[in-house]
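Each of the next two complexes has chain A plus one other chain: chain B in the first, chain C in the second.
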Partner chain A sequence: MVGRLVDASNVWARDTFSRGNWRLILFCYIVLAPVLALFGYVRMGPIVSSLVLSFHKWDLINPIKPFIGWSNYAELLEDDNFWLSLKNTAIYALLTVTLSTLLAVPLAVFLAAKSRLSAVYQTIYFLPVITPMVPMSIAWKWIYDYNHGILNYVLSLIGIPAVAWLTDPGIALYALIIMGVWKVIGYNMILLLVGIRNIPSTYVEAAAIDGAGGWQRFRYVTLPLLKPILLYVLVTSSINAFNVFTQVYVMTLGSQSAPGQAVRVLVFDIYQNAFQYFRFGYASAEAVMLTMIVLGFTLIQFRIARNKEGQDG
Partner chain B sequence: MVEPRTPLAWALHILAHGVLLLGAIFMVLPIVWMAFTSFKPPTEVSLWPPRILPMEWTLDNFRGIFEDAPFGRFFLNSLGLSLTATVSVCITSLAAGAIFGKYKFPGRTVLFMAILATAIVPFESYMIPLYLQLISLGWINTYQGMVLPTLFMSFGIFLLRQHISSAIPTELLEAARVDGASEWWILGRVIAPLSVAALSAIGIFAFIQAWAAFIWPLMVANEQELFNMELGLTAFQFRFTADYGKLMAGSVLSVLPMLMIFLILRRQIIESVALTGLKG
Partner chain C sequence: MRTRKSKSVGIDRRAALKVAAGAGIAAAGGVAFSRKARAATTLTIWTGFPELVPYYKSVADAYAKTKPDVTVTLLSSSLREMEQKLSAAIPTGTGPDIFDIGSGISIKFIEAGLLDPNPADVDTYLKSGAWNKFTVDWFTQKGKTHGLPLLEGRAAMFYNKAMFKEAGVANPPTTFGELMEAAKKITKFDATGKMTRAGISMRLSGQGSGITEKFRMVLEPAGGQLIRQTASGKWHNGFDNDAGRKALQFYVDVVQKDKVDDPKIPHDADAFANQHAAMLFREAWVIGEIKKKNPSLDYGVVPIPRWDASSPYKGIVQPWGMYVNGKSRQKPASWDFVKFLTQPQNAYQLTAMTGWVSRREGVDWGPLLKETPQFEVFVKPPANIELFADPILGPWDEIQTRIADRLPGMFIDPALNNNPAKVAEAVKSLATIADNILKQAGIYGTT
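Up next is the complex of A and B:
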């Protein structure tokens, strides 16, 4: 149906176009001009510039910005801070994405049935998604507080000694992961839930009539049909996880008790190279690496989605 | 949900509900804990063992944040920046969405693909050149500099194009043309009113995103008068590390508008997320 409408509009458009209606084309460009100008200035331009910048030695003080080829990239590969931040970010992304998806799948299955209770639970689980990151990071910092935090209090009730959640370098990353899972689980749940609801009920009913139990219906009917959305959830949350910054900045930096080096993530490293060391070219090379990682995830998604289509056809 | 029949199924059913409830408590606890702490006097904030509810409710923390720091100003800054972003995203998404959805002109596919393809590039990876552009404009430490990257949303254009090309019949536009309507009139009086639902979804998202903006304002705004809520809270944290009562009061002030929007527009927001997931 949608396809037909789009076709119809194209036929119409071609007709007017062939009449040589230059006024219509002019109208299109007049309406688009401000949008395209904005797009070029705040999106397309900077993206191209970051690539160009990454091949230059660019600092705020020196007026000469020489082209230095791949030097920034070569230096980056030797930079311990870069590797440390890449490692931390990768661990953060891997664990946050895996845990939040593993928890969101049963949640979505359980809440897929339409009911008043299901709607209430959806609202509750979605709440963290809508809350801004800075205040919630401060709230979590208070929960993780070594002396007065409610988490250490709960642990003390079951005999576990106080944990230095945010100041112990070996633990801070995992404290951030717990909060990351809390923040994103509702988003993943909603996407999966819609995916499950879109599966024709006849499939599941047919399996039930054939004698498939609850687990079998999930394993052989729901899960395979959910794969494209599961893939989408994994890719989008991986991309988001690789851009982690705000909670790291608020929870592990800035205050007197902060260890500073404890959790160095990629965006923080970019931020520091650019705005504390004023090495804009070098930071741009690092930013290009971040883009490449994100692009990689997207390509994997396209690849798998296309292979799937190939098999089905 | 299928009604359980055997005792084992009943046990599993009850277990599942228990886990669901525990999870729900885990979800709201940080928000509830933040809210209750904001009403506690300093002596109760660091009480051990901690108590969830304040014994003595006080508004001193809220009074404090307005007296010790210009949180009123921060709040208005956030509101102004977010509303500007919302209006701009709605206008640009409608204009471009309508043109890409219903008109054919040379360069249409290339331009649309460019907008779509750049949507996946994270902001953090092109913020440096944007910052350099801002320096040459002289827009560091200005509201217009802070709001600039939030004025445009690729996804908004994509969603509006999708909506306009499939949900608004071309015959309707043709009929208006036959009646002598200009293209401007069609855009404003036919397409715009029929796109209100999609526009409000995009508007809500633009507002929520702009409200939570952090890294860009952190780079651009160095003067306290320009701070949004998020920057104000972070700066406040530097100064009052131990004063969690006040910090929580400030946090409540930042979270509350989002919670209100969510509770009022819950269904629409959840549906929009579902839509972005399936169509993005």
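Up next is the complex of A and C:
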């Protein structure tokens, strides 16, 4: 069926272009033009502006923006805060993406089984995804409270002493990671669930007839067919994880909060350089670096997935 | 079908035209009505202090009694957001007529030519004796004045009288040595060794310039300054010295050696109001917080102690100004309102309504002090306190914030406990941060 559709689309494309049906092509572009223009203005414009700004010195207020070449980038490479935030962001992204994906897979497999309560569980796991980040971060700040937080209370019931989740510099980042995993696990689970449900049951049934057990069916049938969705989950989760900001901002506000350095992440550092120190050129250089890093990771993930696909194929 | 559709379209068009015409007439009428009803002048004020909104409204109402043709509209947001809004709006000519802001931003507007020097009558008014010399000097840049003083952030020491009495401490401390001794007596722990009451609530965690600002409340009495100006007008760090080491050592001792505060327990005004801490260095607005949260609290407010008996008292002062946008089309009306806003009766109202203190001279504070004697140290501070303020420099906030990034880690670093060499090393690293920022800004110098 899929093969037939592919053939049909090829035939349509060949016929359309070979007949020189440019009016249709022109129509398509005209219809797309407003959306493309809007996309260019709203999405691409700021990216290009940031790139240009990264070679200038500008404080937002002064109309003069001297061109300073690569100076912002050179300074960035010697900035301890940049390296610290890069390290923290990398740890956050690595652990959040890995844990949220690893936990979402068994959840999705479990919920894919037909059950009356499946929809209820899906809703429960998805709730954190739709909850706005600011109130959620404030709620987690209370949960993590050293003296009155529910987490330390629960730990005390099993004899574990209170943990300074937010104020201990060695723990604060991991507290954010726990919250980050909790936030995205539902989203990853839903995507994987859709992927699992789209796997034709004939493959799984054939494997069962061949004598494959539950684990073998998952390992050799479900997992390989789930790879495109897994790749999507990994890429989107990584992009989101590298852009972590709101929870860091909220959890470092006030006197009873996480030490800024312990949870300094790239977007927070960019925000501080831009909107607190008004060093927009420098912050733009940092934003360009972040974009390159995320782009690099995404390409690596695609390359690994393709290589695997090639090997499996 | 087609006929019906066409008919239907025709009806819709007619209906739409009628609606449009009606709306147009209504709108025109509305505009005319509102023009008739609306005052001739509308002044917009932006404030980074949402708690001042009722005060501004009250003053605007009073102003409207004498100037009924002037109305005032207000926009408030958090201070940080307001700094961003103003920084984007003022240069592009979309800002308000009047705004309140700190020196970190106002100096950038002044340097970029976005704020005009005060008109002659406002300049005369500022220098008329309505404010003390310290405040007037603070609003003077290169011989020209900009803006008028609105309020003043002045810190003092809040102390819990009941806790002092319970611990057998007769009087509030007057030196940092006495402070530590009192704090040790007052601090309490539970059976597991967990601190339940801090002797003093210091700013130990979080992020932002506030951490360094509080650090300066110890550094300055110890004899240091975060940055120091040279005779040639350049700047360099002023704490890579004995004073800086004493100040950091004090914090380390508070947390590690003498254990009179702990980052893990509640802090700041909340902690003081709820009796989790016996002492706190803070501004007058805490009085309002206490009134709301624990009105029966038995507390006093005194100047922040001096370092030792031979040192002077030091007091941090942060004047905040009202400015008229250089691109405002209603400058005379705006200045007139700002002058009205800073009249003694309104200065009194500011403190009474918000807890923020005006340093306007000629205010009768009697009724306020009768009701809340704790205000005394803020509105009638002792003359022997040496005042210090934030230097008016573009990179000042960055210096404070970048140092604040490092301080919480140092306060709890075990390597600094009872280790003067490590403390000195830590202070040097902080001083390097300050000097590097000054170098980047091109204002570093030691001579």
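Note that the second predicted complex is superposed on the first by the 245 of 313 C-alpha atoms of A that agree within 3 Å, B and C clash if a C-alpha of one lies under 4 Å from a C-alpha of the other, contacts with A are read in each partner's own complex, and residues count from 1 in each chain.
The definition used in the following text is that a contact is a pair of C-beta atoms (placed from the backbone, for glycine too) under 8 Å apart; a residue touches a chain by one contact, two chains touch by 3 or more.
Being a predicted model, the structure only gives us computed values, none of them experimental.
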{"item": "Which of chain B and chain C A:194 touches, first, second, both or neither", "value": "first"}
{"item": "Which of chain B and chain C A:59 touches, first, second, both or neither", "value": "second"}
{"item": "First, second, both or neither for A:143, with chain B first and chain C second", "value": "first"}
{"item": "Partner chain in contact with A:38 - chain B first, chain C second, else both or neither", "value": "first"}
{"item": "Comparing the two partners chain B and chain C, which touches a greater set of residues in chain A", "value": "B"}
{"item": "Partner chain(s) touched by A:275 [first = chain B, second = chain C, both, neither]", "value": "both"}
{"item": "Partner chain in contact with A:267 - chain B first, chain C second, else both or neither", "value": "first"}
{"item": "Contacts of A:73 with chain B and chain C, given as first, second, both or neither", "value": "neither"}
{"item": "Which superposed partner A:83 touches (first chain B, second chain C, both, neither)", "value": "neither"}
{"item": "Set intersection of chain A contacts, chain C complex versus chain B complex", "value": "147, 254-257, 275"}
{"item": "Residue ranges of chain B touching chain A (in the complex, touch as defined)", "value": "1-2, 16, 20, 23-24, 26-28, 30-31, 33-34, 37, 45-46, 48-50, 92, 95-96, 98-99, 102-106, 108, 111, 114-115, 118, 120-133, 148-149, 151-152, 154, 157, 165-166, 169-170, 174, 183-184, 187, 208, 211-212, 214-215, 218-219, 229-230, 233-234, 237-238, 241, 244, 247-248, 250-252, 254-255, 258-259, 261-263, 266, 269-270, 273-274, 277-278, 280"}
{"item": "Residues of chain C defined as touching chain A within the complex", "value": "80, 83-84, 87-88, 90-91, 108-109, 111-112, 114, 192, 194, 203-208, 210, 263-268, 394-395, 397-398, 401-402, 404-406, 408-409, 412"}
{"item": "Residues of chain A that touch chain C when the two form their complex", "value": "59-63, 81, 146-147, 161-162, 164, 166-169, 252-262, 264, 272, 275-279"}
{"item": "Complex interface listing, chain A residues touching chain B", "value": "2, 5-6, 8-10, 12-14, 16-17, 24-25, 27-29, 31-32, 34-36, 38-39, 41-47, 49-50, 53, 103, 107, 110, 113, 115, 121-136, 138-140, 142-143, 145, 147-148, 150, 153, 182, 185-187, 190-191, 193-195, 198, 214, 229, 232-233, 236, 239, 242-243, 245-246, 249-250, 254-257, 267, 270-271, 274-275, 280, 283-284, 287-288, 290-291, 294-295, 298"}
